[in-house]
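Report on one structure; see the data block that follows.
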Amino acid sequence: MNPVNYLYLAALLFTIGATGVLIRKNAIVLFMCVELMLNACNLAFVAFSRMHGNLDGQIIAFFTMVVAAAEVVVGLAIIVSLFRTRHSASVDDASLMKL
Amino acid sequence: MENLIALLIAAPLLGAVVLLCGGRRLDKTGHWLGTLLAAVSFGIGVVLFADMLGRGADDRTLTQNLYTWIPVEGFQADMAFQLDQLSMTFVLLISGVGTLIHVYSIGYMEHDERRRRFFGYLNLFVAAMLLLVLADNYLLLYFGWEGVGLASYLLIGFWQHKPSAATAAKKAFLVNRVGDMGLSIAIMLMFTTFGTFAFGPVFGAVGEASEGKLTAIGLMLLLAACGKSAQVPLQSWLGDAMEGPTPVSALIHAATMVTAGVYLIVRSAAVFNGAPDAQLVVTVVGAVTLLFGAIVGCAKDDIKKALAGSTMSQIGYMILAAGLGPIGYVFAIMHLVTHGFFKAGLFLGAGSVMHGMNDEVDMRKYGGLRKYMPVTFVTFGLGYLAIIGFPGLSGFFSKDMIIEAAFAKGGTEGWILGGVTLLGAGITAFYMTRVMLLTFFGEKRWQPTASDSGSAAGSGHEPHPHESPKSMTVPMVILAFGSVFAGAFFEIGERFLKWLEPVTGYSHGNPPVSAMTVTAATMVMLLVGVGIAWAMYGKRPVPVVAPRGSFLTRAARRDLYQDDFNHVVLVRGGEHLTRSLVYVDHSLVDGVVNGTAASVGGLSGRLRKLQNGYARSYAVSMFGGTAILIAATLLMRAV
Amino acid sequence: MNFPLLTVTAAVPAVGAILTAAVPAARRTAAKWLALFFSLATLALAVLVAVRFEPGGDRYQLTESRAWIPDFGVRYELGVDGIGVVLIGLTALLIPFVIAAGWHDADPLETSSKRWRPTQGFFALILMVEAMVIISFEATDVFLFYIFFEAMLIPMYFLIGGFGDRAHLGSDENAAAQRSYAAVKFLLYNLVGGLIMLAAVIGLYVVAGNFSLQEITAARAAGTLDMATNTERLLFLGFFFAFAVKAPLWPLHTWLPNAMGESTAPVAVLITAVVDKVGTFAMLRFCLGLFPDASKWATPVILVLALISIVYGALVAVGQRDIKRLVAYASISHFGFIILGIFAMTSQGQSGATLYMVNHGLSTAALMLVAGFLISRRGSRLIADYGGVQKVAPVLAGTFLIGGLATLSLPGLAPFVSEFLVLVGTFARYPVVGIVATVGIVLAALYTLVLYQRTMTGPVKEEVRTMPDLRLREVLVVAPLIALLIGLGVYPKVLTDIVNPAVEHTMSDVKQTDPKPEVAVEAKNGEEAK
Amino acid sequence: MSAVAATATSSGEAVQFWILGTVAVIGALATILMKKAVHSALSLAGTMIILAVFYLANGAYFLGVVQVIVYTGAIMMLFLFVVMLVGVTAADSLKETIKGQRWLAVLCGLGFGILLFAGIGHAGLGQFNGLGRINSAGHVEGLAQLIFTKYVFAFEITGALLITAAVGAMVLTHRERTERAATQRELAERRVRAGVQLPPLPAPGVYARHNAVDVAGLLPDGTPSELTVSKTLRARGQIRDVSSEALDDLKALEQRSAERLGREEASQ
């Protein structure tokens, strides 16, 4: 098997995650989809690391995880406080961008 | 000595500034100040005149260059004055008659609360008119030219509360502006032809210019003269201008300003001499106006308008004479001066009559006034005799010379022009006799409550005709004196001819008939005119209400339908034009722009629906955009 | 480098604007005096500029040059030629009058809250406009000019949209809608023009490699900078379009009547007498200097448009029912004359056009400010609502008449000199155009006198009967303007001496010489004069 | 594991890839398609664990372990906590409210996926060098060397980022108490003063039939009273309505008794 398949898998997972972001309304699930996308990227990084024969890809994946962790923490905090004020976790309810 | 020239203008100008800016505190003394400053100007004029007489005929021109007015590369207009015999004549006429009319106005305007301002305007007029005749280049002349136009505008509309006065003032200014257009185009033509428009250089170089150019310049100058001197086709304003106070009619619309056109043509003699075609047009205009004014003057019942028609006609004589070339220049000016005396006198007389008749102007409501106002009657009568050319009085000499000159033009033209002038003399005799008879002879025809012409003082009461105060009669007497003797004084020993010849040139022409024949013919015409008038208005009682009259009379009453033509074609047409242009501006020009804006707005309105505020919806756009970008990148790579 | 006089001249009003805006809400009178003080200080500086300027010296004087955005060759370059000096003088001169005339225009209404601040804003914005206009007249870097040319729109937008004429037609809401329509129209027109110009500015950079007016002009004149014919024409059109909108030239004029009609009289003066002058000034300096060949190429069309402006503006003015719109259309007619003078490409025409800019500023200011005083008394802009004012307020009527006479270019008043020069200059090269333009002087008399007749003469209308005459403040505003109109009409040499050398430079930029007269009496004339 | 090097992998890895890969995709699809957030979270956790295995298979041992501990262990638990805190809400429904959104999303997703695949296929990825040489000096040491030398600034900054995130989360979720908490006595007094509901709120549940907290108690006329259910559940709209059930029961009871009574009447 060619290790390139890992990349295909990563692409597939990323696409699924992205589509999920677009079709789900629940902010929590939305975040999960984002996590899925990030993980797909990480897989690609790891595969690249193997391809190039150095560890830089893994380091990037490592950083991605850290950033993802930070993002999730803040994002979930936002969801909680949003829920407190609006009693809903639907992203569609916050259509405040429209005038 | 030449430094005095600027003072000539400065004195009345100072008066105008002081009187117009001085405010109410000058109300009591303003008219004295104004009169004094006009008199000062006249005094300076006399001093300069004496000085000029003391020098030889070739050495009489004085110039004064104050400063460069408009210096631009290749274009230079100086604030410079030139005083020669021609200007001198005008200076004396303007400041002299002007001063007299100032004096007269003191009495005439006594009850007007805005008398101070009236004198300010009069002074302004005198200053501008002096500037006009003293300028040494056409642009400066133009300055004075428009200046007198402004003064005329202000004075015609002096009683602004009367809509008719305001309209008449506006009309006068506008018609004059059409003439001014001619003057400014003439100046431009001179500039492009000669590179200058100062009198000296232009006249010096006339010989080198093509005749076409000179003809064009001449015609444009004629257009200017037509506007200012109320010649056909720009004559329509003069009759309406009689809405102004009578001293104004006397000074501006009889003696001085309206003769500026004659001055312009005589001043530009060199140009016209080089352009025979232009000269011919000038004589035609003069001849037509001569008859036009005379006919109009025959039908008017308003004393001032009848005199205005007469003025038009007399200026027609002058223009005609000026168009004759060197044969006529001198006589044009001579008639101008004598006309200045007798016509100013006639107007002042008319003013005096109106003053005594509660400002009634309809001659049919006068009659038999000679008993009530003897001084006015005598002075007016002398003026009358002068204008119809009664032998020995000034009009006789000056008009006779013009008729002779017209014949002396030679050829068919000479006969036609001579005939017209002769005919004009006859008509003049007719309408002036009519005025005289209607006003001073016959039964009294005035009635109580006759006055509806707007005078507040005596309306509703029977007028009590009375002689006017001294301040009014004295100027009339002096002018009458001038009307009687000026002509003879000028003519004896050909004084006037010798005086002006160095400036305008003179030639005898080739008279086909002797001077005596012409004089005799004139006398015959005079008698015929007077006789017909006597038959129509002297023998029979005059109806108070004007009869319908013949077609010619009705046409003449309406200024030969010229105003109606103007109204229909220019006023109505203009109104339609402006209205449709306003519509075009709003709907078309603005509409195109607003239409563009509206369609852009509609498009954005549709695009706006995409912005529904849902974050996920925006995310789709971003995602789709990313996809497209990747596709584009791949495609670029593939290609 | 010497003392940066030009920068300071532009900076003083800007500083004044900031300080004025910072005055506390309650001290609004202090704000007015502060603004007036700064405008007078600017005037003093402008006079200093004029004094330090040597008419016979270098083309651009008092120059300053600093690097600004080196990557794009944008420099902070200032310098004035005679035309600039005169126009800076005009701007600095008019602003104090505008401020004094608008003394009460932004006062709080009775219903306003105590924390009403727009009064400060009004005067600060006026000073801001002044600063930007002055620097536009000074900039010799195309990009620098462009920035201020456009930035000017911002304060102007707020002045038009935020401070309307209180004597409006119809209801308050309707007036507000009209006003915002006028302001948006002003902004959009000028923005579109500006954007097209921006494209041309960038194009110019691509072609020339820098933004320096002096360098490009010199290179163009020396023939070292070649532009393809079509490129030059397109760039010229880009610049010209923006200036023609601002000037405004028919058919791009329709924003002006709205803007002038809806804004207060002082702001209307600011628009037409000051801001619009940047457009005509820029035509003279940038269009002719940068693109001489394209200018000559476009001349026939521009002359025709200018002629249409003259006649059309005057005719439409006659048909107006609103005093201020009438003055606006009259201005359109006058801008036609200015553009005519610029593109006639003769010394007389261009000197005349430059003088015309100044004189039109003065005459329109006089007429418009007096009209504003009149309107504020009766609370109506309709001509038909007036009549017989002359009887009750003679001084007002007199000043109005003088303003009107200046508008119709009566000799003796300053506009005559410039108008005649423009006509002569045009006639010398294009006789037919000159003659048609001359018709404009008749039409000018028509609309002015009709306006005067309908408002000032005739029987006194009932509503007008109690109208007070001009107050001291108002007389102080108008009297100097009238004095200047007369002074410059009788002795225009003060201006022509400054302007003429600059015009000669422009003429050499476009490689044009005046047409020679048919008969050369120049020499004879000269001998006689000496 | 130094075998993780060659261009082609061992057949064991291939088998592992195809089996686990399929499961991972199914998990991912389940994540986005499951109706309830809890289910989504669990599916995602499964996918992540499989990814951890793939990391290990690719020679990223440290990362694989971190993935399990940090991601699956900590982050997914955080998700579950929040899901519980927020509850199962109406937002969970998969019903699309924006017109055309789903189709556009799927279309974009498909297009994007195809493009990515095409891109990867087009990229001409060369030899896989493998990590044998690098890992030979110690895998974690190698990572540490990179992190603390080449990427030390990024590492420090991520530290700052984490702290900021932690503080941010606290700030966002923490509600400052601006006044002293009311005592029970004060609360009681306030209630009396308001006079709306003096006695304690009625208990939820239909007596003797349903006693769950999410079932509203029935009023005498058989309509449910929302007052009986806790505020949180009300906000989430998670009230189970059993009124119709109760009414049906009642109707059935009546019918039965009527039948019996009717029979008795008939027999009389």
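Lettered A, B, C and D in written order, each chain numbered from 1.
Note that in this section contacts are C-beta pairs under 8 Å (C-beta built on N, C-alpha and C of every residue); 3 or more make two chains touch, one makes a residue touch a chain.
Chain-to-protein mapping (UniProt): A = NADH-quinone oxidoreductase subunit K.
All values derive from a computational prediction rather than experimental measurement.
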Greatest Cα-centre separation from chain D belongs to chain B
Here the gap between chain A and chain B, centre to centre from mean Cα coordinates and rounded to Å, is 94
What is the distance, in whole Å, between the centres of chain A and chain D, each centre taken as the mean of its C-alpha atoms? 14
Per the C-alpha centroid definition, the whole-Å distance linking chain C and chain D comes out as 69
Mind checking the centre-to-centre distance between chain B and chain D? Centres are C-alpha means, answer in whole Å. 101
Multi-chain contacts in chain D, i.e. residues touching at least two other chains, fall at 98, 101, 104-105, 108-109, 112, 116
Send over the residues of chain B in touch with two or more other chains. 612, 614, 616, 620, 623
Within chain C, the set of residues that touch 2 or more other chains is none
Pairwise, which chains touch? A-B, A-D, B-C, B-D
Listed in rising order, the residues of chain D that touch chain A in the complex are 4, 7-9, 11, 13-14, 17, 21, 24-25, 28-29, 31-32, 37, 40-41, 44, 47-48, 51, 54-55, 58-60, 62-63, 66-67, 70-71, 74-75, 78-79, 82-83, 85-86, 89-94, 96-98, 101-102, 104-106, 108-110, 112-113, 116-117, 120, 125-131, 133-134, 142-143, 146-147, 150-151, 154-155, 158, 161-162, 164-166, 168-170, 172-173, 175, 235-236
In the complex, go through chain B and note every residue touching chain D. 612, 614, 616-617, 620, 623-624, 626-627, 630-631, 634, 637-638
Residue ranges of chain B touching chain A (in the complex, touch as defined): 611-616, 618-620, 623
Taking the touch rule as given, give the residues of chain C at its contact with chain B in the complex, in rising order. 188-189, 250-251, 253-254, 312, 315-316, 318-320, 347-348, 351-352, 388, 390-391, 394, 398, 405, 410-412, 416-417, 420-421, 423-424, 427-428, 431, 434-435, 438-439, 441-442, 445-446, 449-450, 453, 456-460, 490-493, 496-497, 500, 503-504, 514-522, 524-525, 528
Residues of chain B touching chain C in the complex: 20, 67-75, 79, 117, 139, 142-143, 145-147, 150, 153, 157, 160-163, 165-167, 169-170, 173-174, 177-178, 180-181, 184-185, 187-189, 191-196, 198, 200-202, 204-205, 208-210, 213, 574, 577-579, 581-582, 585, 589-590, 593, 597
